[in-house]
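One chain, subunit A, appears in both complexes that follow, with subunit B as partner in the first and subunit C in the second.
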Partner chain A sequence: MGYALNFNLIWRHFDKLWGGLLLSLELAVISIAIGIVIGLVLAVWYVSAGRVVRTIIAAYVEFIRNVPLILLVYLVFYGLPTVVDIAYSAPTSFVVTLSLYSGAYLVEVFRSGLEAVPRGQLDAGKAIGLTPWQRLLNVRLPTMLRITLPALSNTFISLFKDTSVASVISVPELTYGAQWINFNTFRIVEVYLVVTAMYLVTGYILLFALRLVERRFRAAR
Partner chain B sequence: MSTSPKNTPALLDVQDVSKAFGTVQVLRSVSLQVAKGEVVTVIGPSGSGKTTLLRCVNFLESYDSGSIRIDGKEVGFREAGTRQRRSERDLAAMRAETGMVFQSFNLFPHLTAAGNIMLGLTKVRGKSNAEARTIAEHWLGRVGLAHKADSLPAELSGGQQQRVGIARAVAMGPKILLLDEITSALDPELVGEVLEVVRSLAEDGMTMVMVTHEMAFARDASSRIIFMADGGVSAAGPPAEILAADTDNERLRTFLARFRASHF
Partner chain C sequence: MLTQIAYALPFLAQGFALTLWVSLLVVVFSLIAGVIMGVGLVYGPVPLQWAVRIFSDTIRGIPILVLIFFAYYGLPAVGLHLPSFWAAVLALTLFKTAQVVEYFRGAVGSIPKGQSEAAMAIGLTFRQRLAYVIFPQAFRRFLPPWINGVTDAVKGSALVSLLGITDLMQAINQVIGRTYEAMPLYILGALIYFAVNYALSLASRRLERRFSFIRE
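Moving on, here comes the complex of A and B:
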């Protein structure tokens, strides 16, 4: 045996990994931003709607949560354009998928957060004469946000890792970059060691930053 | 039973209000009139409907029949007699005319003491931030918390939080202030500072309806005491009359006896 580690080839192609990492982060940030909008709108709608709307929203959530992400990626990228007349690039298609995916998880996060806002606070909002909208914006959402922040951080970290699935439709993110280097240099151990370290370090930096944000908000409780 | 002093127009007029939660009748044809400047204390055993009555006055709870008017205007429904609920917008406007202070303070945790008071002033009263801040500081001064304007609720003691709660309610300039067991969640040594604030508001002529277990305070500060039992008004009158140990109202006598036994 005697496999000798040799990282030289990895460093020579490191731009592929670095560019891939940046694209991974970009995909994650855009998707979670859209996912937050989807999640918030549907969660607020859910808690104030009747049974029909609730059932539809619950069906969306259940569907997404019970289908593997990789399948959703295939469905949106290959499946959808064959039935309806749309065309989009692989990164766009992936952002659409990951947004719908994160949206479904965040509906649940936000819905439970909204329901966890103490009734007394809503009563206090009513008592000073706030309208339902004003209560939502000024009382319910701020408290909900602080309740859900830890779950939001966790979702964000796992979405960042989920961007690796984009490699299956040739989006040149981090994992795809690793595969490219592997195919062209056959340094499989080295490249995946380096990529693992990159995911780990980036994940930790994100987590650290998000925990700082959480602490700021927790202090304000 | 009429509980109003004669010849004064009632600011708050509760007529025959009944309400049930499922099969439990919590209010049974309650009538109560409160004149401007009066301080009315509602006492009674737990489960007697005191808090529910208070929550009906600003329509935090709806009721099944009867009428509640403030300054002649029906509170929750479009017209007396009809059961057509007001729009949320109207309800919000009506509620802004009453202030409420809660047992568990219910401050907005993400806002400072001043911010809690300013929210209603800016959003409901349409004041500018600067105006609202001035009003907030004035009322924080009144409750002895001028130095805590920028503190968050979590940084305040229970007594301080409750004083902010009172400031938040009165800063809106309500016609009537509803106080719902506002000292029940406080450590005994913090009760005094809160009651002191209520006393000073009473001296200013603020109309108040107060649910409380503080009998000494009820005796000293209120114009009238209402004794509720089983969802109805069982006795009403001036403090000396209601709190007399030899009242011939059986339920009241039992309540007071039990109360004395547990507090002394």
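Moving on, here comes the complex of A and C:
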């Protein structure tokens, strides 16, 4: 009975947590960057494609969205190398997983964003003689990006939290750092208090910063 | 390979049953707690509103995995010894409760103010207003996202495998440990989770369409 809080050991090993936080952010940033590319390409393809392509894209999206992330992480890290001749490090494998994961969510975001671009803008583009490519690049995508910016920043913040799952394949991100300190110093309550605070503060700083960006680029209505 | 997997099927079925059991407990507990806290958030006195707001914003800012580890490793240090199963259920319930609070707030908030004012004008008490006017309408807004959100409980339950609880995820890993058939088993597991969650999201979409006649 009586547990005295003692943060000394946490501060002594704080480099594990700080490095872990930076790695978490790095994983989230790389994954969303690749996820945005996947999402954009598939969403643009989806809206102009025929039935077969649509079904395939929808199958990818539904599969990823309805399977636990931890299973996808295991599948890519432990499963794939047994059937395909590839080898990758745990962080690379996790980035592959999280990119495919965020890509599936972003296809949906971008697809509804593309549909929300007012018809009149596209007609106006046509009227001033823009080619279909120019209409896509200069009219449709910029407007769509402004519309989807809030959803995009929410996705990024939840990806940042999802990077905690990387700890299950020993990627030394923030949650892994927490477990390391947990098992090596037994300052359990302290380490989870500190790590929780780190996730919260980082998450809210990101939220605040992204809201500022959104305000700057808010879609004109 | 197929015989090995067939041999493991009863074991996987047990794991799957545990996954469903954890999800069911989490869904029921979080529904009760979430609606109570939701009422507090929307109708309660200001300090209570703040308390619920802080609870919800804090929980939603923490990864579920950290919540689970915190509940399992952290609580015994402060004198609360929960078996791994209940620590996991507690953590997942907290996460899910915060979600239910937000669904509730969204659903009640979407009912036009005039409804409440009209009910007040004809002399209904606060409880009557909630029971006969607000909740029946808000229920239709609440149900589709809530059912869709059940998939988050099912997916989140896969994390309990990390506490050594033999749910579907852990059962799959154990069978792989014995048979080395990683890919077929992960795909089998993915398909089982997919079947459950996809059915839930289809039900959610169908209900949303069915209730779409209500407009402001």
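By our rule, the second predicted complex is superposed on the first by the 218 of 221 C-alpha atoms of A that agree within 3 Å, B and C clash if a C-alpha of one lies under 4 Å from a C-alpha of the other, contacts with A are read in each partner's own complex, and residues count from 1 in each chain.
As a working rule, contacts are C-beta pairs under 8 Å (C-beta built on N, C-alpha and C of every residue); 3 or more make two chains touch, one makes a residue touch a chain.
Computed from a predicted structure; not experimentally measured.
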Quiz prompt | subunit B versus subunit C as contact partner of A:52, first or second or both or neither | solution = neither
First, second, both or neither for A:212, with subunit B first and subunit C second: neither
Practice prompt. Scan A:4 for contacts with subunit B and subunit C and give back first, second, both or neither.
Written response: neither
Larger residue footprint on subunit A, choosing between subunit B and subunit C, goes to C
### Message
For A:146, using the defined touch cut-off, is the partner it touches subunit B, subunit C, both, or neither? Pick first, second, both or neither.
### Response
first
Using the touch definition from the top, say if A:138 reaches subunit B (first), subunit C (second), both or neither.
first
Q) Counting only touches as set out at the top, which of subunit B and subunit C does A:128 meet: first, second, both, neither? A) first
Quiz item: Does the superposition put A:161 against subunit B (first), subunit C (second), both, or neither?
Solution: second
Looking at the overlay, what does A:120 touch: subunit B (first), subunit C (second), both, or neither? first
Within the complex, subunit C is touched by subunit A residues 1, 3, 62-63, 65-72, 74-75, 78-80, 82-83, 161-165, 167-168, 175, 178-179, 182, 188-189, 192, 195-196, 199-200, 203-204
Subunit C contacts subunit A in the complex at 58, 61-66, 69-70, 73-74, 77-79, 151, 154-159, 161-162, 169, 172-173, 176, 180, 182-183, 186-187, 189-190, 193-194, 197-198, 201
Within their complex, subunit B touches subunit A through residues 58, 60, 88-89, 92-100, 102, 104-110, 119-120, 123-124, 152, 154, 168-169, 172
The subunit A residues in contact with subunit B across the complex are 118, 120-121, 123-132, 134, 138-139, 142-143, 146, 220-221
